[in-house]
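These are the structures in question, set out in turn.
Note that chain A is present in both complexes that follow, paired respectively with chain B and with chain C.
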Partner chain A sequence: MKRHWRLLARYFAQYAKVRLAYKADFIIAFFSSMAATVLGFGFVLVLFTKIPRLQDWSFDEVMFLYGFSLIPLGFFNVVSWNLYDFSELYIIEGRFDRVLLRPVSTLYQVVFEKFRLESLQEVVTGILVVGYCVRRMHLELGAMDFLWFAVTVICGAGIYLAVFLILTAVSFWFEDRVGIVPPVFNMLNFGRYPLTIYNVFIQFLLSWIIPFGFATFYPTTHFLGRTAFTLYFHLVPVVAAGFTLLAVVVWNRGVANYSSTGT
Partner chain B sequence: MPPIIEVQDLTKEFRTFRRREGVLGALQNLFVREYLTVHAVDHVSFSIEPGEMVGYIGANGAGKSTTIKVLTGILSPTGGKVISNGFVPYRQRRHYTKHIGVVFGQRTQLWWDIAVIESFKLLKEIYEIPERDYRRRLDVFSELLNLKEYLHTPVRKLSLGERMRCDLAASLLHNPPLLFLDEPTIGLDVVAKERIREFLKEINRTEGTTVLLTTHDLSDIEELSKRILIIDKGRILFDGDLEQMKNRLAQYNQVKFFLKDRSQVPRLAQIETDGIVCQRVDDLTYLIRFDRAKHSSAGVIRQIVNTLEVRDLLVEEEPIEEIVKRIYLKGEVA
Partner chain C sequence: MPQMEVARPVPGPVPASSLWKFLRLHFEFARVGFVNTLAYRLRYYTGIVTYFIYVSVYYFIWKAIYEHSASIEGFDFAHLLTYIGVGWIIRSLYFNNIDQDLAYQVIEGRLAMDLIKPVNIQFMYVARAAGEAVFRLALLTVPTALILFLVYPLRLPASFGGFLTFLMSIGLSFLIVAAINFAVGTFALRLQSILGLLRAKFFLLELFSGLLLPMTFFPHIAQKILDFMPFQYISYIPMLIYLGKLHGIDLVRAMGIQVFWVVALMAIGDGLWRWSTGKLIIQGG
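Coming up: the complex of A and B.
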């Protein structure tokens, strides 16, 4: 375990060094990431100039939710970079053979070999927005709340990662590119607004099929004092653990399939 | 000592499907697939003793790479048994990989964008190499492979030969008792090849590293290994000593001779009897290939010097390439 943390630190330092060596490239990436974040908030702002409330959700609450969602999403974005062109780089180009030749878990190697550094910006922005909303709404947060905050952020990032790992693992079976990632990515953005504004079908989908609701919406209901969702809130760690486990199982099955077919 | 690698009845089948052409075909492919089973490796058995250097050869698609992939734990076999250095590679892959070094000539194992030395440092963490061992081996390899000048260059800026040397060093940093090389000299110039061969010999001698290498360059085998394994269409055609193979399978010897001057040329016809044919190499150089079963070298030489005035004369065995080519074409060892 200790070795894996040390290795992670090395991988990260190494990668950061390479990334920062190309300054212009990094600066452009940083600003486009920043622009995307600002645009997201811009949308919420514009929305609330037209309507006073979104159902019974106030501007501050929606901002809190949107800001909170940036934190797990930011962490997820930092480590998910390799998943986007996994089938191309690792399966078709054959880099996965190299991964299999090393005495470290394959999942660990794939996730931690490349980092989207600029997405750390999202984490910082998210924390700032959440802090600002907490002050505006005069929310009273105790020590336990901070602990829950950290736990739910980790769970949220875990849920995002688990869902996309499962989708990525599909390429162990089908070498042809499968176009399911973009629609799921859009779904991810649905989860960054109050779930109650959607119809029952989408609520169900975002809770139990692709549980993005547990990554963002249900955690924030606790901090906003909306007790109607307390049960869901307490299920956050359970759902995160369950989906992570599922992702690991699917991934390992995929690796086994790769080993038997060599595709 | 028991063998370090034991392969018994190793079989690997791949199921591929026939892709139909065109848009309609692509649609059909989605629903109805005609599967074909390919026997990439078909009941292969061999064993390798510790410290051996074995050359594994075969035409493209013969099953070499598949065998190497099974032996390194990348692929699991369809049937048969493999025990390598006490492990079943595809079952205990993560433990097993600590005890082997692998080099693929076609692609690097190093990180493309970072300096060679940084890749080495990452490998040091990955394989948990103690600082002292790491330093010592890095020094030895830098010396033997002449790596010092480009340790700080990113891998993508290295030439193929430089990269190959770095890959070799990387594969041996954790001092594995077993080294697998898949076409380590592909695309390299003569000097680079020579350096890599010398290095492999040195490592084999000093560390006792067992080496299994595949190659298309038979001079690799002649320089490095006593033993040769020939695979074709998934089956082992020959397993044994290289010299023994030459003695057994060489059908021809050849005599190359250099005529004194052009006046000798018309007399060449006189020696062309009983299956002996003169081939022209250039103006004054000619070659006679003869069946070893029918003629002796001494007899042929006598005939040449008795008939012609020659300046010089060389007797050569049939080149190993020729023998192997014949085996590939026939698909069996005659």
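Coming up: the complex of A and C.
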């Protein structure tokens, strides 16, 4: 365990050096990331200039939800970079052979070999937005709430990572990119609205098939004092653990199925 | 090398044979784009489901929005639903991946193969994307439209003539998107990774093209600024034509500006391409 932490620090330091060597690149990436964060919320910002509430959710509440979702998403984005090109870079180009030769878990290597540093911006933005909303709504948060906040953020990042690991692991069986990843990536956005506006089918989809609701919506209901979802809120760690376990199992089966392309 | 003549712009009136060659060559690129896409058929089945889910999600979001008001900015719910639904249907047609394709060419060091071709690179990419678009029309756009029209109460086009104008307008949308993507894609030559840039562009187009909501929903000052940008000519203008909200001189003017943006953006893309290839290091290859 200690060795893994040290390795993580080394990986991170190494990659940070690589990224910062190209300063102009990094600055452009940083501002693109900022722009994406703001524009992603542009729809809701523009909308609330025309309407007072979304169903019975106020602007502050929707903004809290969006801000909260940025925090686990930011952590996920920092480590998810390798997952997008996984089948191109690791399977088709055969880089996975190298990963298999090393005495550290394959999953660990793939996730921590590259970092998208600029996405830490999302974490900071998210915390600022949440802080602003808490002040505006005069929410009373105790010590336990802060603990829950940290726990649900970790769970949220875990859920995002698990979902995309499962999708990535599919490329161990099908080398051709089926094109599932981009649409699921866009579905991240749908978990950033109050789930109550959807019908049962989509609520089910976002809760139990692709559980983005457990990464964002259900945690925030607790902090907003919406007691109707208390049960779901307490299920957050359970769902996160369950999907993480599933992801590890699928990944390991995928690795067992891997055969090098020989390139 | 008979195709060499195509490489340089011919001064004065274009001889008929040269234009014929140009068209034949680019038809060939389009055919290659079409055939290449054939290999990824599976993607289009997931694509239909994806578009259906998108429209469904936005259906519920808009339903929640209209809960407190009957009409917002001149759109009642039925109109707005058509605006969103058909907006997504046409997106499946004008959308393309030229920027990503260019980025992959650079990453995989295959760009040298593009550089030695004696043709205008931008036209080649646009022609290929057009071939893909024809493929998507059959396998994605039409099936998606059928399903969405069956499930949701979307309105038919305002008139037959309007529908034909709408189709022409989508053609121009396709060229605008293609030109923007090519221009953004050229940055892959100078930057280490353009993934972040592509993501920002994705959200930019989604919001400012009018795909997510009509331009009239934006604050007044934002509308004024966006009037001077090409984005709303991608989705908002064709959708206004579809809904029969643009007539006479306004219609001509709007489509004239579409044409202007096609030409302007392609000129910008051409300039960027020249600038990017001015100093270039090919990795491996």
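Definition applied: the second predicted complex is superposed on the first by the 258 of 263 C-alpha atoms of A that agree within 3 Å, B and C clash if a C-alpha of one lies under 4 Å from a C-alpha of the other, contacts with A are read in each partner's own complex, and residues count from 1 in each chain.
Heads up, the rule we're going with is that contacts are C-beta pairs under 8 Å (C-beta built on N, C-alpha and C of every residue); 3 or more make two chains touch, one makes a residue touch a chain.
Predicted, not measured: the structure shown is a model, and the values here were computed from it.
A.B. asks: Label the relationship between chain B and chain C on chain A in the superposed model as either fit or clash.
C.D. replies: These partners fit in the superposed model.
A.B. asks: When the two structures are laid over each other on chain A, which of chain B and chain C touches more residues of chain A?
C.D. replies: After superposing on chain A, more of chain A is contacted by C.
A.B. asks: Contact-wise, after the overlay, does A:F64 reach chain B, chain C, both or neither (first, second, both, neither)?
C.D. replies: Touch status of A:F64: no partner.
A.B. asks: Would you sort A:I197 into first (chain B), second (chain C), both or neither based on which partner it touches?
C.D. replies: second
A.B. asks: Considering only touches as defined above, state whether A:R102 meets chain B (first), chain C (second), both or neither.
C.D. replies: So A:R102 only meets chain B here.
A.B. asks: Which partner does A:A29 reach: the first (chain B), the second (chain C), both, or neither?
C.D. replies: After superposition on chain A, A:A29 lies in contact with chain C alone.
A.B. asks: Scan A:Y160 for contacts with chain B and chain C and give back first, second, both or neither.
C.D. replies: In the superposition, A:Y160 touches no partner, neither chain B nor chain C.
A.B. asks: Contacts for A:F115 in the overlay, against chain B (first) and chain C (second): which applies, first, second, both or neither?
C.D. replies: neither
A.B. asks: So, A:Y11: does it touch chain B (first), chain C (second), both, or neither?
C.D. replies: first
A.B. asks: Report, in whole Å, the shortest distance between any C-alpha atom of chain B and any C-alpha atom of chain C after the two complexes are superposed.
C.D. replies: 6
A.B. asks: Quick one: in the complex, what on chain A touches chain C?
C.D. replies: Within the complex, chain A contacts chain C at residues 22, 24-25, 28-30, 32-33, 35-36, 39-40, 42-43, 46-47, 49-55, 81, 84, 88, 116, 118, 176-180, 183, 186-187, 190, 193, 197-199, 202, 205.
A.B. asks: Within the complex, which stretch of chain A touches chain B?
C.D. replies: Its residues touching chain B are 3, 6-7, 10-11, 14, 17-18, 94-95, 97-98, 100-105, 256, 259-262.
A.B. asks: Would you tell me which residues of chain B are touching chain A in their complex?
C.D. replies: Residues in contact with chain A: 14-15, 66, 69, 72-76, 78, 90, 93-95, 97-98, 100, 102, 104, 107, 109, 111, 113-114, 118, 121-122, 125-128.
A.B. asks: So in the complex, the part of chain C that touches chain A is made up of which residues?
C.D. replies: Interface residues on chain C, with respect to chain A: 39-40, 42-43, 46-47, 50, 53-54, 56-57, 60-61, 63-65, 67-69, 72-73, 104, 191-193, 195-197, 199-200, 202-204, 206-207, 212-213, 217-219, 222.
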